[in-house]
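A, B, C and D are the chain letters, set down in written order, and residue numbers restart from 1 in every chain.
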Amino acid sequence: MKLRLGMIGGGQGAFIGAVHRIAARIDGEYELVCGAFSSNPEKSQASGLLLGLPANRIYNSYTELIEKEKQLPENERVQVISIVTPNHVHFAPTKMALENGFHVVLDKPMTFSLAEAKELDKIVKATGKLFCLTHTYTGYPMVKEAKQLIKAGKLGAIRKVYVEYPQGWLSSFLEGDDNKQASWRTDPGKSGIAGAMGDIGTHAFNLAEYVTGLEVTKICADINIVVEGRKLDDDGAALLKFNNGASGVLTATQIAAGEENNVKIRVYGEKGGLEWHQSDANSLSVMYTDKPMEVWRTGGGYTSSFAQHNTRTPAGHPEGYLEAFANLYRNFALTVKAGIEGRTATPEELDFPGVKEGVRGMAFIENVIASGKSDKKWTEFSI
Amino acid sequence: MKLRLGMIGGGQGAFIGAVHRIAARIDGEYELVCGAFSSNPEKSQASGLLLGLPANRIYNSYTELIEKEKQLPENERVQVISIVTPNHVHFAPTKMALENGFHVVLDKPMTFSLAEAKELDKIVKATGKLFCLTHTYTGYPMVKEAKQLIKAGKLGAIRKVYVEYPQGWLSSFLEGDDNKQASWRTDPGKSGIAGAMGDIGTHAFNLAEYVTGLEVTKICADINIVVEGRKLDDDGAALLKFNNGASGVLTATQIAAGEENNVKIRVYGEKGGLEWHQSDANSLSVMYTDKPMEVWRTGGGYTSSFAQHNTRTPAGHPEGYLEAFANLYRNFALTVKAGIEGRTATPEELDFPGVKEGVRGMAFIENVIASGKSDKKWTEFSI
Amino acid sequence: MKLRLGMIGGGQGAFIGAVHRIAARIDGEYELVCGAFSSNPEKSQASGLLLGLPANRIYNSYTELIEKEKQLPENERVQVISIVTPNHVHFAPTKMALENGFHVVLDKPMTFSLAEAKELDKIVKATGKLFCLTHTYTGYPMVKEAKQLIKAGKLGAIRKVYVEYPQGWLSSFLEGDDNKQASWRTDPGKSGIAGAMGDIGTHAFNLAEYVTGLEVTKICADINIVVEGRKLDDDGAALLKFNNGASGVLTATQIAAGEENNVKIRVYGEKGGLEWHQSDANSLSVMYTDKPMEVWRTGGGYTSSFAQHNTRTPAGHPEGYLEAFANLYRNFALTVKAGIEGRTATPEELDFPGVKEGVRGMAFIENVIASGKSDKKWTEFSI
Amino acid sequence: MKLRLGMIGGGQGAFIGAVHRIAARIDGEYELVCGAFSSNPEKSQASGLLLGLPANRIYNSYTELIEKEKQLPENERVQVISIVTPNHVHFAPTKMALENGFHVVLDKPMTFSLAEAKELDKIVKATGKLFCLTHTYTGYPMVKEAKQLIKAGKLGAIRKVYVEYPQGWLSSFLEGDDNKQASWRTDPGKSGIAGAMGDIGTHAFNLAEYVTGLEVTKICADINIVVEGRKLDDDGAALLKFNNGASGVLTATQIAAGEENNVKIRVYGEKGGLEWHQSDANSLSVMYTDKPMEVWRTGGGYTSSFAQHNTRTPAGHPEGYLEAFANLYRNFALTVKAGIEGRTATPEELDFPGVKEGVRGMAFIENVIASGKSDKKWTEFSI
């Protein structure tokens, strides 16, 4: 049984919409049945037809999609709606979808503002519908393994966390040209109060909290607009304090010229440390004070149920970004199906980011930007 | 428009069938409409239902599939048939599918014997149907880039080729246990005259000829059965001569304990060299005698049309084995569609392995095994 | 002609003294002629005899060494004195050596306090003797290449600097055991006001300023004592501002369990970035926004005169930490000899750290510790 | 006490002589007291003076050196003679040195021909003098660790060995220019019957036998002259059989354009495998079929007495080629001193290559070249 999937946003020329569609296809758990791919009706139609949808399931707006789908017979109407619009169009369609009985997969960051995020949290809880926020990097098997190793106490109490997301693609004033991706991401009206911190800082923040199981309690940030003329931060670094007393450093930048997307995390505890980075995504280095470093690998027979559940191929056949993304979609589908089948989802199936991560991500944005403007060293992490 | 795909083999518990299905799904170019997933009818039914197929499109044998599908209306019947059975069941279904008007995607090696391969070559040509052989590794964007760089003369005339495929999974007598993958691959009745040389040696051979654009003309091989009780080679190495005078070394082993699947190729010409290996599949090292080594990357704006055509995400988001596999399916689909649309397929679309590669692969198997048994140093590569 | 070298400190059981001696030996520019290896006369004698020194050139104190050597004929007496004692015994012997006419090589950090450092600066200038501070990492050919590439404008104006020095050896309370290295480094009476920040933070700071040619102007630091019972910082991170407006992050820790000594620097400018780390010390990655990353290598024919001057072997024969250290000794020797020969030393010969770096290093220690204690975000870097 | 060292060959412009001198200096076990650095007396004098030798200990020929030194008082005369001349001037000075009571360190390959090697073997045994052949790569701590791990049975019985030495520096006809290194190495009158196979193939061969503890019994080689006009092989590959039934592949080439000197060995046994390569010389990867790969590191507290004995710095401070070379010199010195002191040298001290390795190396050259010319597949390894 495939879940019926609809999409809001992600028309021709969009980047992340296409990624969501591939992620949804990989494991065959979904069938795309409808979409409102653009606020421009012609573009929405063209995009939908290219995707092989029948014209009557291609809508001109998200409101139309939700209203019309709701009127379809239950065994025909969409079940899960993916929302892949820019940040300022996250809250309203998500709220409407949830309140009309649809499960939602939403691209990060969750909303335009923390206030919206907190509101959405209530709506998810009130409606009882399922919600997934696509923090892709937590979908990698070796990121999951890192979390499990720490949870099992392999490193002892955590003392230090370094997390970084270096990009270089905004090293020049791309938004001055006709670059769609650059334009909305650097536009305060579409992106929110943060640029790099919202776009990729939230990924780094989420990764740190996911892997360690800790929560950030204080932030001291240096937030910069490096490229002249830009309206939002394109670079930042933050000193962190965690709720167990550990400290950390988070960096996110879009002006590290020459860098691609090498997200990286390193965590150290009393007994050892670990390191994962996206450029070698199928390896997890685990190091000790008294024995050789180990390289744990996607597909290794010795890995945890969480890693194995999220792996498709034997060790040595690299699984990448699209598979990590697909893991979010697959686990969400399995959880939705568990509900339909009336069974309890397993911890492995439930292992996808949701509203809690979304609210904390938006709080990160607001706190890190506030800290960047403050003369005080430490800003309490408040929600 | 999605192409209608059928599958022969690949029932529950099979490895490569599932991989083919993911590969076919990733780009949304196919829709699975029917299958004969096992020679065991119950298993075939169960497998098909799990995949969401209607019962009437799940068949109990490949002959049934082909016969019944042929009777369906043209706009309903399967268009492309994937054949993912063990080697001894490659020829007959492929021949029948082609002769009944279907395009075929076939897992490697092409057939059980070279004689069958030459026969199939004729059938493909006679029927005019399209045929793709899934030599996955040539689907990687950086493997394609390597080919393009060499073709463009970046390295000068090629002098030396090293290609290797090290695995360790058959280090013990797995076929003694109930290991399905090990069992048929080490069974002369199902695999053919070669074990490791057929299973992975052909991949290495194909990779070498694809990347360099050269053809092997002589082989001197050392072929071994290392694990006691095994019936087919699990290890081998071959000295090679190419048609331009270059020499090479090919190694393929399944008893390199601890190795995963790190296929690797290195090619050296008069002016420089290059290296690619699957464990860092998105990088291609290009080295020179007089300037720094360069690391070319999947998604780099400077890459060729062939690499870019086979890339889905911006640089730094790793694409892996499943995407490489998907590139074969996608290019085959685009070529099939070009035919349907009456247009000429582009060189990028036509860039997938076919019968020529299949015949040469089977010739490699026969020649390398013959050389392994010979006391003469060099065995001419004959077809 | 070999320079006559004396050593203060570095008796049996010491770590860095032995390293200094190897560094001084590698290029054959020095001959060890005397030493006061320990404040314990017996230990000094035993150490000196093991090193093959005649008993009359082994002294019981640095004062004795300087006084007695001064009375020897000019062509016999020591010319360069290496001082490798703990921090609290840096200033006095260096001052005395300089004022008695000897050139000095001193281990870092320069002194016990910034006040002493400023005083030493004056003494060096007043005496006109030569002075080298052993910030080893700037001795690596590829670190020098990084500096030259930036100086030549290859990256454009510098925007971001990440520098880190992670160690794990002080993850437990080693100073509670009989660990000589741990004991003095964590003792405020011997090390000064800083632990990790003085021991390795100064290396990271020096590396950042050396490679970029910039100066730090502001610091915002998080300084921690992680291991219970420890008296000095064993972990820290600092946000940085540079005099051209660039920002940076410096981390130095001794509680990153499992880490060895992988000092690392990354610098990004308008046009590209570079990365160097000690674990692959003979490579320098240079990345661009629009073409493949390059890997520059020690020994490459395309490297600068600075890199080549500091390289002994053809590319691919790794030169390591001891050779980097030896480069400081060798360049210092060549500069001393230039003076003796009455010629002007070349820029390559003069390329070793001196009092300026020493004063800035001590200022770093005082400023970073002050910032660590401050509630204000930014502390001006004052000297 | 320093051993008194003399050198034959290695005058200005030579490469390996300078390396030998650095290696001899690093640990302070030797003092260079005399030399005959060139067959050109003026060059020999100039070279010796630059090295700080007194004129009366600089000789115009090796015969003069040996004769004159022998007449010096025992506590003054040279004790160890390093011979670093081209291959055709290995045998005679070594024989004369040994027969006149001096210990010898000789650069590889041992002699010009196997016949000479066998003769030298007898002379060493007859004179009872100590002899070291500088197969540098066995001096690396992690190569020693590999040997110890295999010896201890960590991998089980060895089944497969891959060893390679790729270089690119002879990709063009360098000997046509005024390149001293290229000229003698490609000259049959100076190098012997082999080019690449003698120069670097012997290193690969020695590395394989040292690490595995096995002996090659059969060879099947493809030997090539790739660059037009060259007189000796510049490329080759050989299939190998070992005395325990294991098989292997050895490649050595000097025309792999862009390659530096990345010697590499991989060994696989029943239970696991290991890999070492010079470009990451301080790491040894040890892989298993059922648990994560381990990365053993120079300086790790868990390493064997053999690795630790050959390590100078804490883990993470890379030791390189010169330290590996120095390990040969140091172990030889310790063994010489043990003799002087009348004590038995330890296994760690005795761990340097000698005549046995030299004879086998020369046999490798003769057998591999013979195999290259043979039409038979396998050539028995005969001495």
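Definition applied: a contact is a pair of C-beta atoms (placed from the backbone, for glycine too) under 8 Å apart; a residue touches a chain by one contact, two chains touch by 3 or more.
If you want to know which protein each chain is, UniProt gives these names: A, B, C, D = Dehydrogenase.
The shown structure was predicted, so the numbers you read here are calculated from the model rather than taken from an experiment.
Colleague: Quick one: which chain's Cα centre is the longest way from chain B (Dehydrogenase)'s?
Modeller: It is C whose centre lies farthest from that of chain B (Dehydrogenase).
Colleague: Can you spot which option in A-B, A-C or C-D is basically B-D again, with over half of the contact pairs the same by residue number?
Modeller: Equivalent chain pair to B-D in A-B, A-C or C-D: A-C.
Colleague: If you tally the C-beta contacts for A-C and for B-C, which one comes out higher?
Modeller: Between A-C and B-C, the larger count of C-beta pairs in contact belongs to A-C.
Colleague: Report the inter-centroid distance (CA atoms only) between chain A (Dehydrogenase) and chain B (Dehydrogenase) in whole Å.
Modeller: Inter-chain centre distance comes to 34 Å.
Colleague: Distance-wise, how many Å sit between the C-alpha centres of chain B (Dehydrogenase) and chain C (Dehydrogenase), to the nearest whole number?
Modeller: Here chain B (Dehydrogenase) and chain C (Dehydrogenase) have centroids separated by 55 Å.
Colleague: Using CA atom averages as chain centres, what separation in Å is found between chain A (Dehydrogenase) and chain C (Dehydrogenase)?
Modeller: 43
Colleague: By residue number and range, which residues of chain A (Dehydrogenase) touch two or more other chains?
Modeller: Those would be 169, 259, 286, 293, 297.
Colleague: So what shape is it, when you link every pair of chains that touch: line, ring, star, complete or other?
Modeller: Topology of touching chains reads as complete, every chain touching all others.
Colleague: Using the touch definition up top, name the residues of chain C (Dehydrogenase) that touch chain D (Dehydrogenase) in the complex.
Modeller: Within the complex, chain C (Dehydrogenase) contacts chain D (Dehydrogenase) at residues 1-2, 15, 18-19, 21-22, 25-28, 51-52, 167, 169, 259-262, 278-282, 297, 299, 312-323.
Colleague: So in the complex, which bits of chain C (Dehydrogenase) are touching chain A (Dehydrogenase)?
Modeller: 155-156, 159-160, 162, 164, 166, 168-169, 171-172, 220, 222, 224, 226, 235, 237, 239, 247, 249, 251, 253, 255-259, 266, 268-273, 286-289, 293, 374-378
Colleague: Mind pulling up the chain D (Dehydrogenase) residues that touch chain A (Dehydrogenase) in the complex?
Modeller: 286, 290-297, 300-302
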